[in-house]
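You will see chain A twice below: alongside chain B first, and alongside chain C after that.
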Partner chain A sequence: MRWIWIDKFVEFESGRRAVAIKNITLAEDHLHDHFPGFPVMPASLMIEGMAQTAGILVGEARNFEEKVILAKIKRASFSGYARPGQQLRYEATIETISPEAAMTAGTIYCDGEPLGQVDLMFSHIDQNLSGLNFPEENFVFTEEFKSLLTTYQIRR
Partner chain B sequence: MAMSRDEIFEHVRDTLVDALAVEPDEVTENASLTGDLGAESIDFLDIVFRLEKTFNLKIPRGELFPEDLLNNPDYVSNGKLTATGLEQLKKSMPHADFSNFEKDPDVSKMPDLFTVKTLVNYIEAKQTAA
Partner chain C sequence: MKFVLIDRITDLVPGERIVAVKALSLAEEYLADHFPRFPVLPGVLMIEALVQASAWLVRATEDFAHSMLLLADAKNVTYKSFVSPGQVLELTVEAKEIGPTGSRFTGTGRCGATEMVKAHWSLRHFNLADEDPRMGPMDEKLIVHARQQMALLRRL
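Right after this comes the complex of A and B.
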């Protein structure tokens, strides 16, 4: 299983804004348990989808040199369901980015209608948590990940 | 135009209500960010970002919440700040109230220095300096 919750980027403005889409399909196993007879995309996975959209936007802003970790869900609110056959659109913008961290604001649309608001905070962990040493290799943006970017056509 | 202390407090309170999901009446001047309001380390960064935005100012890293002090053996001994360490901390945090802490400068009590009042003092001083 691959933990990838966006299908592709449709807009990407470096350091500023990114838009990704995700098509929901009944081929996804978890929808048969969430819930039996009433399949809806779990809100937690929509937060993950936004975290991937916004996290890649934040990572790309520093050329994927920082280890970008989701540090805090500042806000997550949803006003409805997203169901198989529908398309999610994750729109993320960077509100602030500094050497240590970044804040993003995001809106989720479902088939064009606003569905949720997810605002996140990411940490550049090498610049934080002083005193802790992390592996030198970038375990967030791995080589495997970078090859995906070629698919998304956003690799520099 | 410079804000009054009351106005600063109101904005700081709103910031903490949003950042820490606490009730407005929990945010009193003497409430400590970690002990009373449940802030975790990552929240401090969030608070700094939000204060910068709310008050339209730049908060240099380590100025509001000093770092690195604890890694210096001259400053810390047996889990307590040394006289030099305490002196240094006071110098780097003129906005904090040390009256309780200096009686027993135990490192584990350092978070108590970060109160709502500390933030208000900091913003007030910053505003005067600007």
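Right after this comes the complex of A and C.
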């Protein structure tokens, strides 16, 4: 299992709003455990899809200079489940952003129908997680994540 | 096995609580992406581990009455620190309520004495046959698999 849970951005308004999509396919190994014979996308990985959509939005707002880490899932709620062959759409907006942290609100759609709500808090860890050990360099925004945004910007 | 987020159940009191462990190893592929220079357990997999532990508690409590146990909502999932390869996360889950179609929990994940995550969440329980009686055999298959899996997690 790799750890990239969005396929591409389809909308991106710097500092304000981002929309990404994720296709669900049986080619993904984790679905065969969750569950054997009746695969559904794990809710935790939909939270991660939203965290990646919102996290890149928050990171870009500060030119990827901050290390943006998920600090809290304020609320995540799901009304159903998503299956292989379906497409998820993650719509994230920044509610607040300060030197230390950012709050985002998000809605998940599955094939156009609302499926869940995920509200998150991110920490800019250089500013407020002192005491924890982590690398000096920005280990969060690797080329793999940034290329999702670069690809969107080139193609628009 | 690609999406099994607990390795062993160490204690289980039906209707009340479950304790389980998740060992983190650098052999796990997703750590290469999260993050290449700083491999740590993704926060959403901590909530997934808690969800999976709570699902085993429900299955043990209601003797595998339902094939599907899914996250309905999570609130105030707070992350305190990073879990690194070589560490073992111990998950302690307390049931607030286990009803016929849903359940509510609080839980923590600790590495030694250090609390890494705490969370509140609820599950939905149902059978696929509730919506479509033709799915009955699929429910049975899922439940047989769950029974085998639980025997494995408790025997280890």
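A few notes on this one:
The rule we apply is simple: the second predicted complex is superposed on the first by the 139 of 156 C-alpha atoms of A that agree within 3 Å, B and C clash if a C-alpha of one lies under 4 Å from a C-alpha of the other, contacts with A are read in each partner's own complex, and residues count from 1 in each chain.
Basically, a residue touches a chain if its C-beta (ideal position, glycine included) is under 8 Å from a C-beta of that chain, and two chains touch if they have at least 3 such contacts.
These numbers come from a predicted model, not from an experiment.
Superposition model on chain A: chain B and chain C are shown accommodated side by side without a clash.
In the superposition on chain A, A:Tyr81 makes contact with chain C only, while chain B stays out of contact range.
Of the two partner chains placed around the shared chain by superposition, chain C is the only one that A:Arg2 touches, whereas chain B remains out of contact.
Of the two partner chains placed by superposition, only chain C is touched by A:His32; chain B is not. Once chain A of one complex is fitted onto chain A of the other, the partner contacts of A:Val140 are limited to chain C, with no touch recorded for chain B. When the shared chain is aligned, chain B and chain C each come close enough to touch A:Ala71. Of the two partner chains placed by the overlay, only chain C lies in contact with A:Ser44; chain B stays clear of it.
Between the C-alpha centres of chain B and chain C, as viewed from that of chain A after superposition on chain A, lies an angle of 80 degrees, to the nearest 10. Of the two partners chain B and chain C, more chain A residues are in touch with C. With chain A used as the common frame, the shortest Cα distance separating chain B from chain C works out to 6 Å.
Counting contacts as defined above, chain A residues 71-72, 74 meet chain B in one complex and chain C in the other.
Looking at the complex, you find that chain B touches chain A at residues 19, 41-43, 45-46, 49, 52-53, 61, 67-68, 71. The touching residues of chain A, when paired with chain B in their complex, are 71-72, 74, 95-96, 98-101, 103, 121, 123, 128-131.
Chain C contributes residues 1-4, 28-38, 42-45, 47-48, 51, 67-68, 70-79, 81-82, 119, 128, 138, 141-142, 145 to its touches with chain A in the complex.
Chain A meets chain C in the complex at residues 1-4, 29-38, 40, 42-45, 47-48, 51, 69-78, 81, 132, 134-135, 137, 139-140, 142, 144.
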